[in-house]
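In the part that follows, the structures are each spelled out as structure tokens.
In what comes next, subunit A is part of two complexes: it sits with subunit B in the first one and with subunit C in the second one.
On to the complex of A and B.
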């Protein structure tokens, strides 16, 4: 498999798993408007995954659906950050914000790619991600503005920080630290990143749920 | 806070009331309105107005039935018929043979 396909699948898997995880809040988000907004963001992420899988599928002679649902759990390349199951709300916001901050840095780099297809899809995705970042940042600012929220957010960010570093390649990590520290107004611990390639037990659970329909109707479910 | 949302379906068209969103502040309201009233490409622009900023005027007494102020005030057909009867020209009016 080429480096290009490997890269496309890594990002696609991140977006698919995060979209799936975020959609776990549908129906039970803290209030109605947030439920609609967060579910919509989750759908966008899955849309990004599909577009990226389609690019990879062309190169591999397969389809987006096969890439999304027909691989074994240990073949997915998503960062451990997006594998973690639905977390308490402050942790969900911490993950969402850490991921979007890392993703912004990754997209900035990809938009400069010499490969016009990669640069093009990165620019397209980034135009939607801009609103996800606005959503994440407003929540972080909101939580930071009150004592209880600040404590919950800070605990969650500290816990997820090694996972957040693992979303990016080593050379992009200092920039993630700079941006995250800037918005939090504090420094973050020096920790060992939990990198791509690690498969949390929660990945297999999610895979089981995510591929259930596909496995029950291999010829394609009809609705 | 409650924000009333007005949406414009196409450029140049008037903004029409679409509904409302509840949000802790304007920043949240913008995101929520965008997702609720824009994510299906159903709007090209939105106006957000805090509900307190809307002045409501209600109560319009119409004690003397001043119908002539309304464009749908009265039927011209009935009046015309009465006038023609008085003038004795009813049978000359267009469509008279149908009646």
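On to the complex of A and C.
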């Protein structure tokens, strides 16, 4: 597999799993606005995953659906951050904000790619992600503005920080630290990143649910 | 033999599947039409990538060209060449008439939350005493706003 396909699959898997995790708030978010927001963000992320899988599928001679649903759990390349199951609210916001901050740095780098297809798709994805980032930052500021919210958010960020570093390649991590510390107004611990390639038990659990329809009707479900 | 003009005219008749008051041409998603021998090539720039209407739009274009007696190949262009600035002036007016505030023009630099919090004009009463209720709405392309003057919630097409 080429480095290009490997890169496309890594990002697509991140977006698919995070999209799926975000959709777990559909119907039960603590505010109606957030129910709509997380559902809409999930839809966008899965749309990005689909477009990235389609590019990769062309090279591999397969289809986006086969890449999304027909691999074994240990073949997915998604960062452990997006594998974690639906988190309580402060941790949900911490993951959302850490992922979107890391994703922005990754997209900025990809937009400069010499490969016009990669640069083009990154620029298109970035337009939509701008709304996710605004939403995430608004929530971080909101939680930081009250004592209880600040304490809960800070605990959640500390817990997820090694996972957040694992979303990016080593050379982009210092920039993630810089941006995250700037918005939080404090320094973050020096920790060992939990990198791509680690498969949390929660990944297999989600895979089981995500691929259930596909596995029950391998010839293609019709309805 | 079908002409480029005939194809554009035919595509203008295809309503957006989710906001049928405007056509695909009004929406600006048809980037280019070319005739190659007996077949028509259409370059299509999707709006929001998670929009479930994208497949319907592509099928509608193929069917429409078939009605003209030609075969169409729709090529999906995945770059940032579509933005809400590509929605035609007529398209924006049609949106407003249907109760959707049209998207604000793109500005240089990064989009900031404060830009969304400005008082956009209510499509019902014309007041600018309106507030952002939710960045996100019922479809990826819409935000929810509320008009303090006529007390009517309304949707706004997001600027991207």
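Methods note: the second predicted complex is superposed on the first by the 223 of 223 C-alpha atoms of A that agree within 3 Å, B and C clash if a C-alpha of one lies under 4 Å from a C-alpha of the other, contacts with A are read in each partner's own complex, and residues count from 1 in each chain.
We adopt the following convention: a contact is a pair of C-beta atoms (placed from the backbone, for glycine too) under 8 Å apart; a residue touches a chain by one contact, two chains touch by 3 or more.
Worth saying up front: this structure is predicted, and the values here are computed from it rather than measured.
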Simultaneous placement of subunit C and subunit B on subunit A, clash or fit: clash
Which of subunit B and subunit C A:204 touches, first, second, both or neither: neither
Touched partner set for A:50, first subunit B, second subunit C, both or neither: second
Partner chain(s) touched by A:131 [first = subunit B, second = subunit C, both, neither]: both
Touching partner for A:142 - first (subunit B), second (subunit C), both, neither: first
Most subunit A residues touched (candidates subunit B, subunit C): C
First (subunit B), second (subunit C), both or neither touched by A:117: second
Touching partner for A:36 - first (subunit B), second (subunit C), both, neither: both
Selected from 22-30, 58-66, 76-84 or 130-138: the stretch of subunit C that, after superposition, runs into subunit B: 130-138
Contact residues of subunit A, present in both the subunit B and the subunit C interface: 33, 36-37, 40-41, 131, 134-135, 138
Partner subunit A, residues of subunit B touching it in the complex: 21-24, 27-28, 31-32, 34-36, 39
Subunit B-facing residues of subunit A, complex: 31-34, 36-37, 40-41, 131, 134-135, 138, 142
Subunit A partner contacts - residues on subunit C that touch it in the complex: 48-51, 77-80, 82-83, 110-113, 116, 133-140, 144, 158, 160
Parts of subunit A lying in touch with subunit C, wherever the complex brings them together: 33, 36-37, 39-41, 43-48, 50-51, 55, 116-117, 119-121, 123-128, 130-131, 134-135, 137-138
